[in-house]
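What follows is a set of structures to go through.
Next come two complexes built around subunit A: one with subunit B, the other with subunit C.
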Partner chain A sequence: MFGLLFSLKSFTAKLDPINGDNAGQAGKGCSFHSFKTNTYKLSYFETAAGVKFVLVTDPRMGDLREALRNIYSNIYVEYVSKNPIYTPGQPFRCELFESTLDAYVKSL
Partner chain B sequence: MSTIYNIFVINKSGGLIYYKDFGSIAKLDTNDSLRLASVWHSLHAISSQLSPVTGCTGIELLEADTFDLHCFQTATGTKFFVTGETGAAGVDLLLKSIYELYSDYVLKNPFYEVEMPIRVELWDLNLATLIRQRERTSTGK
Partner chain C sequence: MKAALRPGDAAFANVEKVNAELFTLTYGAVVRQLLTDHEDVDDVNKQLDSMGYNIGIRLIDEFLAKSNSAKCADFRETADVIAKVGFKMFLGVSPTVANWSPDGKECSLLMDDNPLVDFVELPDTCQGLSYCSILCGVLRGALEMISMRTEVRIVKDMLKGDDVYEIRMRLIETVPEELPYKDDE
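Now for the complex of A and B:
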């Protein structure tokens, strides 16, 4: 999965018809926010720190950029980043994060 | 307001057999277009493996920040994909029409070898007409 997302990102950066190739510079260049197949839709959001959020849904779902941004800023930052015993970059198991995320995703 | 930037046709093994630029600002050179075509072939294959349910046939629409990529795969594995402005409508139909032109002018050409690069004048002409028509109807001129 990571390989696919990474390659897709460099692919879109290279293919970008407006600004051309900025792929070499980190955080620059044209990224992508979703792709759709006949069986699923994958939405993708990358934070400035390089944390990536991926949401796999039914292909009929609409634009989920807001939802991912909300998951990041209102759930991830609140319950994971602000958790004093969490070491950034490490896998996390956080009950509050999971229950809030569950409730939010069910409300979508 | 629905410009088409590029058209790619790739054969079933991922080789680029046709590429045409229709007015993107940043042009791709030949090497890049060949490379990107085969990268797309693999991404398409991986995406169908990643599906949570069975029966996935690969990416149909990729939404990037500055463009949309629409892809159409035929039953024989030839893939047509176009990049266009974000939110462009009717590109799926356009891809079907491109496929129609391909079967009419390329596959029915007795001198054309399947899976080989497309160098067919009638296909070129008709493709250009199709794109021009589309631009005209979408801008309302």
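Now for the complex of A and C:
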């Protein structure tokens, strides 16, 4: 899945008519945020620190970028980043994180 | 300059505050305990730096989330954002960025006021102690998570008689994102 997202990201950055020359640099160039098929919609958010958030939902959902930002700042930062047992870069399982995330996503 | 000052204050207003004295005293207790555990002052410096590094790699996520800052285009902008928004948000002080090297890869953060060292005096037995090395570690860890490898050290320390705190940051290299290499058929 990483390959798919990474290729989509570089593809959209290179196609950008305004910033196409700066595709490789951070801070300039665009990044894709969602794609839709007839059965699902995939929304994507990447932080400057490299953490990527992917949300797969019903295609009728509206723009989920704000929701993803909220998940990042209120749920991920609070329950994962601040968790002393967690080392960045490793896969993690954290029940509090999962339950808060569940509750939040159900409310969308 | 103005554009960064406002987000700094806004971010500062948004964060939960903790009592400054509690913070200072807790940090002092940590350093004292480290001094008791390790006989050698250099060891303590290294410990503080690695503690700071562990804090930095997590702090960067909180910083990015709470300050809503966009990706910085280069090291200059990064240093500005660190000084105006980052330090303001977490320590409540705004250091000035100065002493840029000609290639733009090294700079200094100058602070008159440092909440970590309120009420602190270094005794004669610990003159080699770099009391604020934790800050260097935090900066190094945070920058490493946004793919900038840096070297951060304290150049001037008010506890040792200088008139200002100076932290020198040097960008070693910008590491592009590593891809987990997948073998395609």
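Throughout what follows, the second predicted complex is superposed on the first by the 105 of 108 C-alpha atoms of A that agree within 3 Å, B and C clash if a C-alpha of one lies under 4 Å from a C-alpha of the other, contacts with A are read in each partner's own complex, and residues count from 1 in each chain.
Operating definition for what follows: a contact is a pair of C-beta atoms (placed from the backbone, for glycine too) under 8 Å apart; a residue touches a chain by one contact, two chains touch by 3 or more.
Note that the structure is a prediction, hence the values are computed from the model and not measured.
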Partners on subunit A (subunit B, subunit C) - clash or fit: fit
Partner chain(s) touched by A:Tyr76 [first = subunit B, second = subunit C, both, neither]: second
Apex subunit A: angle to the C-alpha centres of subunit B and subunit C, given in degrees as a multiple of 10: 130
Subunit B versus subunit C as contact partner of A:Tyr40, first or second or both or neither: first
Partner chain in contact with A:Gly3 - subunit B first, subunit C second, else both or neither: both
Per-residue contact with subunit A, leading partner among subunit C and subunit B: B
Partner chain in contact with A:Thr12 - subunit B first, subunit C second, else both or neither: first
First (subunit B), second (subunit C), both or neither touched by A:Val56: first
Minimum C-alpha spacing, chains overlaid - subunit B and subunit C, in Å: 13
On subunit A, the residue positions that both subunit B and subunit C contact, one per complex: 3
Interface residues, subunit B side, partner subunit A - complex: 5-6, 24-26, 28, 32, 36, 39-40, 42-43, 46-48, 50-67, 69, 83
Sites on subunit C touched by subunit A in the complex: 57-62, 64-66, 69-73, 145-147, 177, 179-180, 182
Contacting residues of subunit A [partner subunit B, same complex]: 1, 3-4, 7-8, 11-12, 14-21, 30-40, 42, 56
Subunit A residues within the subunit C interface of the complex: 2-3, 6, 25-28, 47-51, 69, 72-74, 76-77, 81-82, 86, 88
